[in-house]
């Protein structure tokens, strides 16, 4: 009976280990709240979220993160405007048009894009894109919302592209053949059959891509310009949420108001991405691709 | 009519092709810049010396060592946990509630922003567990971040092992653990390996999670123990580029460090990609 | 007499979730005889076979009622150790499924997992099993080569050898020759006849001639029920029921 009892033990052990993920997630939430909540002894939730001024080191300090939230939302939207069409189109190209040989080259390229360290993308934004934008658009600072959005798009594209491709690829061939048999062109088949059939997967991909953009730190820290003001133009510098945390943690005294405020920003950021994930989960579950039935 | 449809299709396909091309071009552009400008900075000294003169001269050895050290800690923590979790999910679990919860945890962990991992690592590992800013704290923070990637990759690899292997083994009176250890894991090993390399390469390039948990501005010493603070390549780039003593004059060091980081990360990725395509070819035969 | 009952089920019901795949199946399997299970596709033959070594346990949401006995032991009793049950009741699958290991290791695997460490003994049993499965002459020169390099028919005989190595008392075979060409099929059939003197064999087949050639008893399944069971000769020449006759003469199914 010995090996049978080992088997039982191993089973329980693996279950215990598998619980680590959920434990870590809970711990992350716990510590964010534990260190973030105390800020609300000094400021109401409303003033924190909608306050216009972020002067954490002044005396008295202002902890309004509205400009930071707007900064995050703006860069995410602008990067989405770039990354969604590019990512989806590349995915369509890969799944439908590219010959296997070409796809075999393009796919690793997309994977390498995904693996490019964010600090290098931010660095590139600083030293190459910023001076370029400054010259071309004749603006005072090259480190701005547009620059950061461009760089974020670069990070979101591979996520969007590879998830989209999976979704498009899993559209049953029978569906496509049916469309071809009716005399539709390849493009018509793509637009009228393939994309509708994989729409839920595409939406999930887009949401997860944007979620990656909103949570990305180094790029916005290095290329967004860092001004905690509500931007008036696409070429204004902004200071998205993650950038604030990363830039200021070093100077925030341990368990000071500022320190707690930064953790509270972490909560906001966590909630943002959490909602994105739930939404993606919901869409992919609710509108699951069920072959023919999804049309 | 027919011609018009054909033309529309041609135009669209051209656009799609251009989109794909644009991605490739963007990647190439970045790599080209880093490569062409970083190349001149690379020398034997650069790779084997510590930074000197307030980090305006010298090399990046402590950063290389630090990044490798962080990766090792990450591997040691994330690999066993990740593979065991994947085994549980793929081999043992049915469709119960626990599995739903575990999967929810993994999915959401995958979506947590990297800076939030940094905050957590700071509050938990550095402060509560009293590790301070150290190789251990930084590596563990990275490990938690990498966990979903490794679990995902391992599960994928386990799924490619045909069920007939499992059935044959069980039908001979092997226990489930024997089946997993002797049949399933060996068959899934190459897939797990490539997935793990991809996960670790991501950890190697991350900055935000280690900024306040493992990496410091400057320390000329190589780490002796896992409770030492370290320098790390990505953080070094950030520091030199934004807060160095003389940002403009150290550009070549920044490019050089970036080049080393890219080579490291892409090297791991290409290894994984090549391994994987070899594996696929072998499976097809 | 020599007509010991090796295994039997009594009133066995089986459910995949809400779907009842088997209804009230009672069969007795005589020791050292071959029993064939026949019936149209989807009638539950495989399901029944996999009940006998509890292979179905791997599928979530299944339920079993009734009795399934190996000699005097109820195999669905909670105290039963599934692992040793499966060692006693071996199985050969429809598609040959050798492990991606060497020929030698494929056979040795079952011995090792069952706790045998003695190298010399393992070597002896490997050879004995391969001979039993009538494949020794074809593979003795290449024991250390991958089993995946064998032909389909050889692979299937290797899988039989692998099942035999752990010395099972009952051997379940689910359409063991359906993926093979006629010559390989013939070899498998000869092998079954040869083995039947040593252990109890229960074989699922779609091939009437095969059932007629290799088995002593035949059971006809239809829609999850046992319709008729008899000596193979009798069943094929003088079936009692019209349904059975229609099936074996190929009028439906």
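To keep things simple, chains are lettered A, B and C as they appear, and every chain counts its residues starting from 1.
As a working rule, contacts are C-beta pairs under 8 Å (C-beta built on N, C-alpha and C of every residue); 3 or more make two chains touch, one makes a residue touch a chain.
Model, not experiment: these values are computed from the prediction.
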Spell out the chains that contact chain A while also contacting chain C. B
Look at the interfaces A-B and B-C and say which one is made up of more C-beta pairs in contact. A-B
Most centrally placed chain, judged by C-alpha centres: B
So the chain most remote from chain A by C-alpha centre is C
Let me have the rounded angstrom distance from the C-alpha centre of chain A over to the C-alpha centre of chain C, please. 54
Need the CA-centroid distance for the pair chain A / chain B, whole Å please. 17
Just give me the whole-number Å value for how far the CA centre of chain B lies from that of chain C. 48
Residue numbers in chain B touching 2 or more other chains? 175, 178
For chain A, residues contacting two or more additional chains: 3-4, 7
What are the residue numbers in chain C that touch two or more other chains? 83, 113
What residues of chain C sit close enough to touch chain B in their complex? 53, 55, 58, 60-61, 83-84, 86-88, 90-91, 93, 95, 97-100, 109-110, 112-114, 159, 162-163, 165-166
Sites on chain A touched by chain B in the complex: 3-4, 6-7, 10-11, 13-15, 17-25, 27-28, 31-32, 34-35, 85-86, 89-90, 92-94, 97-98, 104, 106, 108-113, 115-124, 126-128, 154, 157, 161, 185-188, 208, 211, 214-218, 221-222, 242, 245-246, 249-250, 262-263, 266, 269-270, 273-274, 276-277, 281
Under the definition above, what is the set of chain A residues touching chain C in their complex? 1, 3-4, 7
So in the complex, the part of chain C that touches chain A is made up of which residues? 81, 83, 113, 115
Using the touch definition up top, name the residues of chain B that touch chain C in the complex. 94-95, 162, 164-175, 178, 182-183, 186-187
